[in-house]
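Look at the two complexes coming up: subunit A is in both, with subunit B in one and subunit C in the other.
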Partner chain A sequence: MSKHTSMALRRPSRLSPDRLRVVVPILALLAMLVATGFLQPRVMSYFGFTLLLRYSLPLLFATMAQLCILVVGDIDLGIGPFVSLVNCIVASWLADQPWLCGIALVGAIFAYAAMGAFIQYRRLPSIVVTLGFSFIWLGAALLVRPTPGGTVPDWLIAATGFRTPLVPMPALLAIVVAFIAHHLIMRTAYGTVLRGIGSNAAAVERAGWSLLVGRALLYGAAGFCGVLAGLTLSGLNTTGDPWVGAQYTLLSIAGAIIGGAEFSGGIVSPIGAVFGAMIMLLSSSLLSFLNISTDWQLSLQGGLLTLVLALRTLSVWVGK
Partner chain B sequence: MSSFRRWTATHSWIWSFLGAGALMIVMLPFLRGQGIEQVGQVAIQFATFYVMVGLGQMLVIALGSGNIDLSVPGTITLAGFVGLSVSSGATGTLGACGAAVAIGIGAGIGNAVLIQVLQIPPMIATLSSGFVLQSLAIAFSRGASAVPSPLLQAISVHRFAGVPDLAIILILASLTVGLVLRQTRFGRTVLASGQSIRAARLTGLSVNSTIAIVYILSGIFAALTGLFLAASVGGASLDMGQEYLLFSIAVVVLGGTAISGGEASPTGVWGAALLLVLSVTLLNILGVGAGVRFLATGIIIVGVLGVTKPRED
Partner chain C sequence: MNEPLTIFPNTPAAQPPPAIVDMIGVSKHFGAVKALNDATLSIAQGRMISILGHNGAGKSTLIRILAGLMKPSSGQVSVPVRSRDSEPFGPRQARAVGIRCVFQELSLCDGLTVYENTKIIHPKLRGIGWQNKSRSLIRAALDDIFPGHDIDANQLVGRLSIGRRQMVEIARAFTVTDAPIRLVILDEPTSSLDVTAADQLMKFTRLIRDRGMSCLFISHRLREVLEYTDDIVVMQDGRIVDNLPMSSAVSESILVEKMGSVENKIPDAADTVASDKKRGDRVVDIVANGASKSLHATKGEVIGLAGLAGQGQRELLLQVLAASRRTMPGHKVIGRASYVAGDRQGEGVFPLWTVADNLSIGALLRVSRAGVINLSRERALVARWCADLSIRTPRAKHPIRALSGGNQQKVLIARALADDPDIVLFDDPMRGVDFNTKAELYGLVRRMANAGCTFLWYTTEIAELSNCDRVYVLRSGMVTDEITRDALTEERVISASFDRA
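== the complex of A and B ==
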């Protein structure tokens, strides 16, 4: 009782949790950019940024895929192998059999939607199902392309390396993606319903919305983002490799969570997630600028994720 | 029939054994030249590792509230490398086991601190700690000898009357875990926390220390798996733990332990481990490539999940 009144009486602070959710990743990214610029001043130019952000596109889309799953409070442990699968399909078929490639990619998106429907229909934990499916994606990738190789058409390579005036394309695209995702998830009525599934599924269902459709749709959207991640990665790598995507599972989860997503309650922040993805990207560059062996890259990425969540807990303690 | 149904409702582990038995029968016509005994032995050898890592995961999952140990692959890899390199040193096999247990305890304590003190959801906490462990393994693997001492390797593949020693030890360990879950305060606290953590707390059970101990046990099981797996195949590799994340969870879930927690079936872990190993063996006998093997394993696991009874809310 007393707790509730005090909550209601307290004036909303300027740094409410929702604002902190976006402010913290922005500040963290700025700090990292300053550190990067200090260590390697040459980075602070158009070409420097283009190089620095080179691999941001696949990570950005993979993080958005993870974000779609996090909206309903699920987690996707299979996005990495899925990106590999898309990469293998693109490198094997896009150049010679574009139709086959298109059908395969659309099929992959539908497979993702079906996975979401399956999780909802059988009321299974997403962690187990997506982990099981990760073997299916990896197996399929190995079937399409048992060893690294294949070719990616020149237009895709040109598109991922496209140089926009003044601001590098990855930065522009990040802003566009953040805007679109923010609008779809945070501003539309159905986006609110979808977030409601993550917060209180029973209430959303009683209000007449189909959880099956909601989950299938979000997983389908995740599949679509996963396909975009695979396409851009193919354009950058210009070849197919069944193991190439493995790192994106951790990176996408870390990016989305650092960017303000909670693990429950349908709480996500698309804008924060874009910053989160950039933080994960810069973390590895920063290591190499600091002359630290890349052996420690996983430690740093895992450590960053833990640190952010630990700080969140601490801020709750301090707030009390 | 209805009494059979009632019996299987509480003994769902039987399905995994029936599945394993069916696979064994399917496999018979394909066994050209190889004796069934041989296939059985190899299956038991690898099932032992699945069970070793699965028992720890089972205890964690039985805690409920989203508890799961995703740091398993990192622990396996690190313990594999450190254990093997210690085994060639002055302290030998005993030192290697000690090192593995220490790594397991360290991983478990780390997870417990992240989850209980810093309140990080178990999934994310163990995922990140697993990557830290993996990265430690990568750093350690540079210049480390990844070959087991002859004694350690001999122990890890030694057989008693045709059955690997490790399998016998693991059967005893499974019985112990089963007994502990039923009979001891610790075990009952694990299951009670899984059924309702609030009720368990209000009853005055020491839930927090129980959760910490369970994560430490899971770490030790995973670390010993890493040590003996690396020793039995003659060397550690950086991706040796990779498949064990899915397998450790799959043997638990397919073995009839509820993913929502509150119940646990060590017997089912054995059944599911045999089921998985036999399906991989069957695929190997058929001579399929790695792609089909991954694909089929994934489909089997997802398929079994699909036919099991949906959770009742």
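== the complex of A and C ==
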């Protein structure tokens, strides 16, 4: 009757707003899966899922990149063109000049980290800097590959299409990514400091932490996730295209926000973001199954996003 | 050099206790402004030193230098336990030699839990199990300082009330991982605490002195200073003007005198007994509800709202504000009300705007014609209020954040008054405001009240109630007592504040 009972008593018995942050996207995804399965029963198989989730990997990594930036309360408007750039680098050089490709990709990650350091050093708004850099990424992508084309080595294509036993690889990878990101951002001591920067940078600086290192590190991590997104997208598309990544900017923001992140305050939920990415991916398939013309799909996706955000506001309201 | 890191508190009486920090001739300039001028101060072990002075006297600069957040322009800060004086003295180094700070403006991260905030100041809390270590550290500190508190270490700080946040911030400064604590700087620690928690904290400072720690204490509550301090350092315009040991000869009036000329002394009850004003129309009328008594205010009255912090005074003010705009059952409010926030960083100032913008937003209709702001009228309005409240700003277009806290608060009050309201709602706006500013503002309230403006004034300082014509005491959201000016005593307010059932 000592510590354990008191601890158990202290735990909120009902759903707290912070827990709903994760619960809402999970429920939304489940509802979408049920609806998809109802409309198109054939999807509910190993093969069906593999097809359905085929393009989830680039979006998953792009969302994780966005999440890294959201941790410090910034926003990245350049992740889409960055994914394009990686795609062009991979399609142009990986097959013939793997060394050059490796150096270019590592350089790209460092460029991202440098962008974060620049934002911190000059105390600039991230939205301006990342928007500016998005044109740099796009310009670089067009320099590397002015027109769509190029080849992607077979091993990369095979890797992105790899079939794991029982559970399709994209689903398995999503779980692994969710676990790793949750551990790094939410559970480690330094991850806590990084979230603190997003919440109250002055307080963290006062405690003796370097904001420069923190921001550079997170932007570097975002660049790393962006490279992974570009690599998987290359494997799926088997070709390079300087415009291919454009949609990922907004999709990644939407995925992270649906998954429980806030635009400011260092409040993020890596597990929720994984679900958010899946929701963004499935919503277009679901609308296709409903025979809704592609003209309407974008606005309906937007409507869905608004609905989920409204549910979250409701959950905060209920929690009070 | 390896000097011993632990100093035992039981030094022989003949020997003076070793100094923890020596500041010798320290100055700090910001451009032409000397924020700190040739300050020499030695902080001995096991002492509680109070720094007194009005805003702008250099208190904040002094503690920022001690905390390693600011480098002095000249002079020397030496910390005897440091092994190398050559390396720069930053926040990490200050922590390593055992200097901890509790700042006036809260330095917790809202988006993190209580235990995660504890981690932020402890680089050594890491690796497997850091969360449990952090939880037990902060729980132990909270239990030590504030026995009977109800703060959950897993709670998000953003969901705690301002008083509880302050408690977390204080307790966090007393958690120890690697470096032992030698000096704790407490900058207005009790300003957001209720009476019980403030008392617990002040008693705790006695306890830690016996353990050999020192305290640097800044408070605007003279009673706390007089009751608990060993040495009093008085500052004025960036200089240390006096350093006197506590004795029975030191009294509030002596301290107030030393701090500089207080033109309008905090009025005694007798000074301001309202003349026989016409007590006609009731402008605020809230009917009794259950155990809660009724509350009313007439034109030109100054009504105090007292009680422990966070007992529904703020909610009451917001209800009156809402009732002034639309009808609410049980609330009758006649006239326009404007609200002055107490949490000025959170809900008061527009931090990126200028002084003028922050002020004129309250009266935009008055300075605009056909929906367009008339710039010369706006300028005139701002100039008038800056002069009226003697807001000390270099120019009207100065960024508000460059002003001292007291002056920012004046801007907020000017914003509320500029619209010529019938009712002004004060949500403890004098928190952390220096004496002189307070005295000026008290005078202003009295003048406005005489001109027919009604004030509903929530305050956490009992002394401030002497400015009110009538006082209501709140407890758990209910009005528990109504006290007229003549019957107002500290005992009566306290007894109505506490639940004695």
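The rule is short, and it goes like this: the second predicted complex is superposed on the first by the 300 of 320 C-alpha atoms of A that agree within 3 Å, B and C clash if a C-alpha of one lies under 4 Å from a C-alpha of the other, contacts with A are read in each partner's own complex, and residues count from 1 in each chain.
Operating definition for what follows: contacts are C-beta pairs under 8 Å (C-beta built on N, C-alpha and C of every residue); 3 or more make two chains touch, one makes a residue touch a chain.
Just so it is clear, the model here is predicted, and its values are computed rather than measured.
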item: Which superposed partner A:F179 touches (first subunit B, second subunit C, both, neither); value: neither
item: Subunit B versus subunit C as contact partner of A:W155, first or second or both or neither; value: neither
item: Which superposed partner A:F38 touches (first subunit B, second subunit C, both, neither); value: neither
item: Contacts of A:Y190 with subunit B and subunit C, given as first, second, both or neither; value: second
item: Which superposed partner A:F47 touches (first subunit B, second subunit C, both, neither); value: neither
item: Touching partner for A:G198 - first (subunit B), second (subunit C), both, neither; value: second
item: Which partner, subunit B or subunit C, touches more subunit A residues; value: B
item: Contacts of A:F133 with subunit B and subunit C, given as first, second, both or neither; value: first
item: Touching both subunit C and subunit B, counted on subunit A across the two superposed complexes; value: none
item: Residues of subunit A touching subunit C in the complex; value: 10-11, 18, 187-190, 192-193, 195-196, 198-200, 202-209, 262, 265-267
item: Residues of subunit B touching subunit A in the complex; value: 68, 114, 118-121, 123-125, 127-132, 134-136, 138-139, 142, 245-246, 249-250, 253, 259-260, 289-299, 301-302, 305-306, 310-311, 313
item: Contacting residues of subunit C [partner subunit A, same complex]; value: 67, 69, 90-92, 95, 101, 103, 107-112, 116-117, 119-121, 123, 125-127, 130-131, 152, 154, 156, 158
item: Subunit B contact footprint on subunit A (complex, rising order); value: 75, 118, 121-125, 127-129, 131-143, 146, 242, 250, 253-254, 257, 263-264, 293, 295-299, 301-303, 305-306, 309-310, 313-314
